[in-house]
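The same subunit A turns up in both complexes below, where it pairs with subunit B and then with subunit C.
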Partner chain A sequence: MDYKDLNLIGSSSPHIRTRDGAGHIMGEVLIAMVLPLAFAVYNFGPRALSTAAVSVAGCCLFELLYRLMMKKGNTLGDLSAAVTGVLIAFVCPVTIPYWILLIGDFFAIVVVKQLFGGVGKNFLNPALAARAFMLSWAGEMTTWVGPRSTIPAWGSFDAATYPTPMSFLHEGNLSGLQQMYDIPKMFVGLTGGSMGEVSALLLILGGLFLIWRKVITWYIPVSYIGTVALLTFLFPRGNDPLQWMLYNLLGGGLLLGAFFMATDYVTSPVSHLGQAIFGIGCGLITVFIRYFGSYNEGVCYAILFMNLTVWLIDKSIKPHRFGVVKAKAERRRKPRQSPKKEALKK
Partner chain B sequence: MNIGKQIKEGLLTQNPVLVQLLGMCSTLAITTTVSNGIGMGLSVTVILTLSNIFISLLRKIIPEQVRIAAYIVVIAGFVTMVDLLLQAFFPDIAESLGVFIPLIVVNCIILARAESFASKSKPLPAAIDGICQGLGYTMVLIVMSAIRELLGSGTLNGAQVFPTEYAASMLALPVGGFLTLGCLIAFMQWVQSKAKGGK
Partner chain C sequence: MPQAFFGGIHPNDQKAATNKKPIETLPPPARVVIPMSLHIGAPCTPCVAVGDQVTVGQKVGDAPAFISAPVHASISGTVSAVEPRIHFSGVPVMSVVIENDFNDTPCPALAPPRNPDGLTPEQISALVKEAGIVGMGGATFPTHVKISSGLGKVDTVIVNACECEPYITSDHRILLEHPEEVLGGVRLLARIFGVDRVHIAIEANKANAAEMLRLKIEEEKAPAVVDVLRTRYPQGAEKQLCQSVTGRQVPPGALPASIGCAVFNIVTTTAIYRAIHEGKPVTHRVVTVSGSGVHEPKNLYCPIGAPISDLLDACGGVKQSTFKILMGGPMMGHSQYDMAAPIGKGTNAILAFADKEERTVDYPACIRCGKCISVCPMHLQPVFMYQYEQAGMLPELEAAHLPDCIECGACTYICPGRLHLVQAFQAGKQKINNAKAAAKAAAEAARAASDKKED
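Up next is the complex of A and B:
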């Protein structure tokens, strides 16, 4: 048979192609964040939307400028800068001044990401590193407004500090928290707090969407949230372990961090076992900071800290290669002696 | 003897902090204000130069086995001198540098230069080496403390440049020390690779 007349393209493998590029995956993450963002606009007013827009624009601008300056290719298309932008807005209070937001964008994109080689090479989660840096302005970063407030996008507003669930949890004041916010309110998200962290319901929906789309796996979120649940249930403050646990799970940035930040590909382990260890570590540190630290919330530092241990986790959990087991067992039976030791014996 | 080469090595290509990565502890700790940086840098320069000269003079007398101890004794002598002089004439700087002046005794820049250069050279090159390396250290301290003071508290050598509430206080904290030093080392590597004609 003569193959030359057939309409075939000769090429080497791989032959099956997928549309899953970085841009596609980041696009899915952006879709998952639409609902929490919409809820933030509903809960805090139009400023939530403008804050997110400014943050995304800032991140994209800094990425573009840096790549131009360094004469490298434009990487805006992979959308990771946009995701970082939305996440930075999510971890800030809605009243954050725009200039602090832009400094945070600069820190995340230029210092944490691009200086280390751009997308895929950052050693910390850019959004959380930016949040840690933005705590330089501790006053502005901890000015919370109450639920259902309408903060205008521009102009003056009354920024009275409003107690968030986390401040009650930090004091161990369960009954005060129960009076202020009941569990359904916490679940829907009618509380004060950072822009993106309030609505547990929509964050869980977004997380399930990501798991369904196979963008993230369930190992990190489940081990992270599970560890926090177990620890807070076993060591409650107040007389109701179940309520204490639920408030700890629904309050603060736990769900946002577990679904959207700890699962970042670049800064989480490769193997499933490693991801579980990573999640448990995040959970332990989160609870430790919430219980014993001077900050109300520990999610940010827990994830940042575990980011720094990823290389160690990946190194210690190496998958088994086929055929290696036997050789290893043989070596164990017959330990190879180093030349030095042999020389000493003589 | 090549003075030009020594100056270039001390300030740039073999800069004690940015290339040899020596004396990082004091660099990170004291670079919060420019006056601290200048005070510390000049103290180290003086001590480094004097101890280099002395160790070079004594290089044939000091037995090989106890050389480190002998260097430390020489260095400690000069550190004590500088410490007392600072306390007498610049009490403010002595106060703010605190324990880091006595700690110059174990500053690895001085020990490294004694071991790798002064103990093998004549007094004059050793003195020039001390001055060049010391000025390289001082230069880095001044640049670093200027960056940290300006961005971290909005002042430059004590003068207010912009209101403090706009300053990133994180940079005045230890975190900022590591961050600034890391950026400076990376910048130095970049400059050197450019100079070599690399990409």
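Up next is the complex of A and C:
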């Protein structure tokens, strides 16, 4: 056989790669978000679905247009724009006007992500940065409807503001909250709030799916939720620390943030120890804002703040160098001699 | 079952294509090209001339230095050229070309030593050098150097039969078909280093070989123990293997001898046996020919210096859609562009790929997932090393311990952003070396200039 007419390529090793590329990973994140989205449609009506669809379309469109304008290649295939789109919808109330949503999409994709170099280069979580920006329309962003509403995709609807669990928690009104929503209701998600944050059950299922598929590690969710649980149990408002803790865990965006936002690869530390530190930091700031802030939810700003510390965490945590671990242990075993003593010996 | 080393990956091992196929002999090639560089170290100097008649096992290249190994004719015939020829490293290397007379006349000078059991370790080491034995797992480090530098320091001798790279089954077949040579080599190693038992390390995916060896060892009371290790790439990398077997870590920049270990590949072990008990130098080896582009995957017993094209022909040729041909495994092998390149002492496989196992993308982008850190068996942080290399930050790159990288490719395999990490690290090592050489030259020039002034 003549091997001269083969079209051979040469490249550096290795010559095989895992099937799971960035597109696969983001696809699994999308799968994990299907159930919470379905529940949002059940709880808030068809508008939940159309909001998510508009947001995904907006994000993908802005990404495509920007990459075309800058003469860079199309990167829609990595699905990260679609994930950002769903997450932006998840952190908005179902009544959000579409035009505000699209401004949020623009801010997330173009300003936060692409201007810094595209996927992997942004230092803030795009969906949360967009939410912080969209709060410029504070009224629209905090118009909550009650559970089991049927908000239509188009046309008018009654947008009377309805109390969410977070408003009770902010006032420290545990008994009022207990009267309005009991714990099982909170767990299933039959409450008011942002589209994707209400159902604790389905968010936990989605998070476990991601951990099972090895998309995320358990370090950030466990350290984040654990820190919030510990702090709220130790410093309860009201006379029942356990109930206070449970409402704090189930209410608001904690579970959505801990499983889907704080675990964003790009804006979280790369080492496991760093991830644990990051999660604890998120937990501390979340509780501080919930207790002492004027705004009643702290998850968004806690994660954004910790995003800014990732470079520092990454820089300060270095793995043990192969082959020197033993030497270090031996050094530790030796009694340390202070320079003073050595001087005295002389 | 211990894994013992940190990280690693578990790709589909793809060994089913050839692991039940007995070793076949390659049809005699019309000519072989014996490069003077089949090992790490100084290249040999040819000791035959055009027109000379050579016989199988006759030395055709002399080792000029301690870290080197002589090369021998693998067929009998006439030397038709002594000139640079294409080498599997991609560049021409001085080679001896032999036209086959198809007689396979053995070299009359070759004879086993009279009393192989009475040899001292130093004598064995000298015979190993004469036989041209090098690390035949792929690293091709001269074995006599390993033996003589390890004498008196080594308390654990490991025979490496992990064969952790996908596709390759040559070691597996040798274990199954020539266990007596393996155990003969193991006895010699035990005697050289004065150990009671030699560890034979086998990955769990070769359970039949491990079980057979165990029975054989019991039967013959051989000074060996079989360690079945978890199937995990790179289990067979020297440093990781030492860690799996002994729990000790080789310090940065040091050799396994510094922690009392000596690792010998299974093929090297059989080569030592043949050199001492049969007086035969390294002239042949078993090569697995496999991959999605090969019509009929096989394990072939080939003379060293046979062209890659002969091996592929013996397996029914390759598919027209083949886009890559490799020498070595898919994780650390080298891609080949000229099929006239000869196989060497460390060639354990020739692979042809017709499916896109590579999965490269047009826009590789790091998404900072950190998977590269959790698979790196050398405890490095490839994600940051890559950034430093791309930005040309050499001091930071060195401080991130780039020189520790063994280029196993685990990070590149797992990378969802499809970055070319190993490629960047190879380039980075080169840049660091170049910068050091430049700094040294500049310092010397400055010293010379100041010396002149003083004069």
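Note that the second predicted complex is superposed on the first by the 307 of 346 C-alpha atoms of A that agree within 3 Å, B and C clash if a C-alpha of one lies under 4 Å from a C-alpha of the other, contacts with A are read in each partner's own complex, and residues count from 1 in each chain.
In this section, a contact is a pair of C-beta atoms (placed from the backbone, for glycine too) under 8 Å apart; a residue touches a chain by one contact, two chains touch by 3 or more.
Note that this is a predicted model, so its numbers are computed, not measured.
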Exercise. Could you say whether A:234 touches subunit B, subunit C, both of them, or neither, answering first, second, both or neither?
Key: neither
Practice problem: Return first, second, both or neither, reflecting whether A:115 touches subunit B, subunit C, both chains, or no partner chain. | Solution: first
Quiz item: Is A:22 contacted by the first partner subunit B, the second partner subunit C, both or neither?
Solution: second
Quiz item: A:103 contacts which: subunit B (first), subunit C (second), both, neither?
Solution: first
Quiz item: Counting only touches as set out at the top, which of subunit B and subunit C does A:13 meet: first, second, both, neither?
Solution: second
Practice problem: Quick one: classify A:136 as touching subunit B (first), subunit C (second), both or neither. | Solution: first
Self-check item: Touch count on subunit A, higher of subunit B and subunit C
Solution: C
Exercise. Kindly list the residues of subunit A that each of subunit B and subunit C touches, one partner per complex.
Key: none
Quiz item: subunit C touches which residues of subunit A in the complex?
Solution: 1, 3, 6-22, 24-25, 72-73, 75, 78, 80, 118-120, 265-266, 268-272, 314, 318-327
Exercise. Please name which positions on subunit A make contact with subunit B in the complex.
Key: 99, 103, 111, 115, 132-133, 135-137
Exercise. Sort out for me which residues of subunit B touch subunit A in the complex.
Key: 165-171, 179, 183, 186
Self-check item: Partner subunit A, residues of subunit C touching it in the complex
Solution: 9, 11, 90, 166, 239, 248-252, 254, 309, 312-313, 317-318, 320, 322-326, 330-337, 339, 351, 353, 357-363, 365-370, 373-374, 377-381, 383-384, 401, 404, 407, 409, 412-418, 420, 422-423, 426
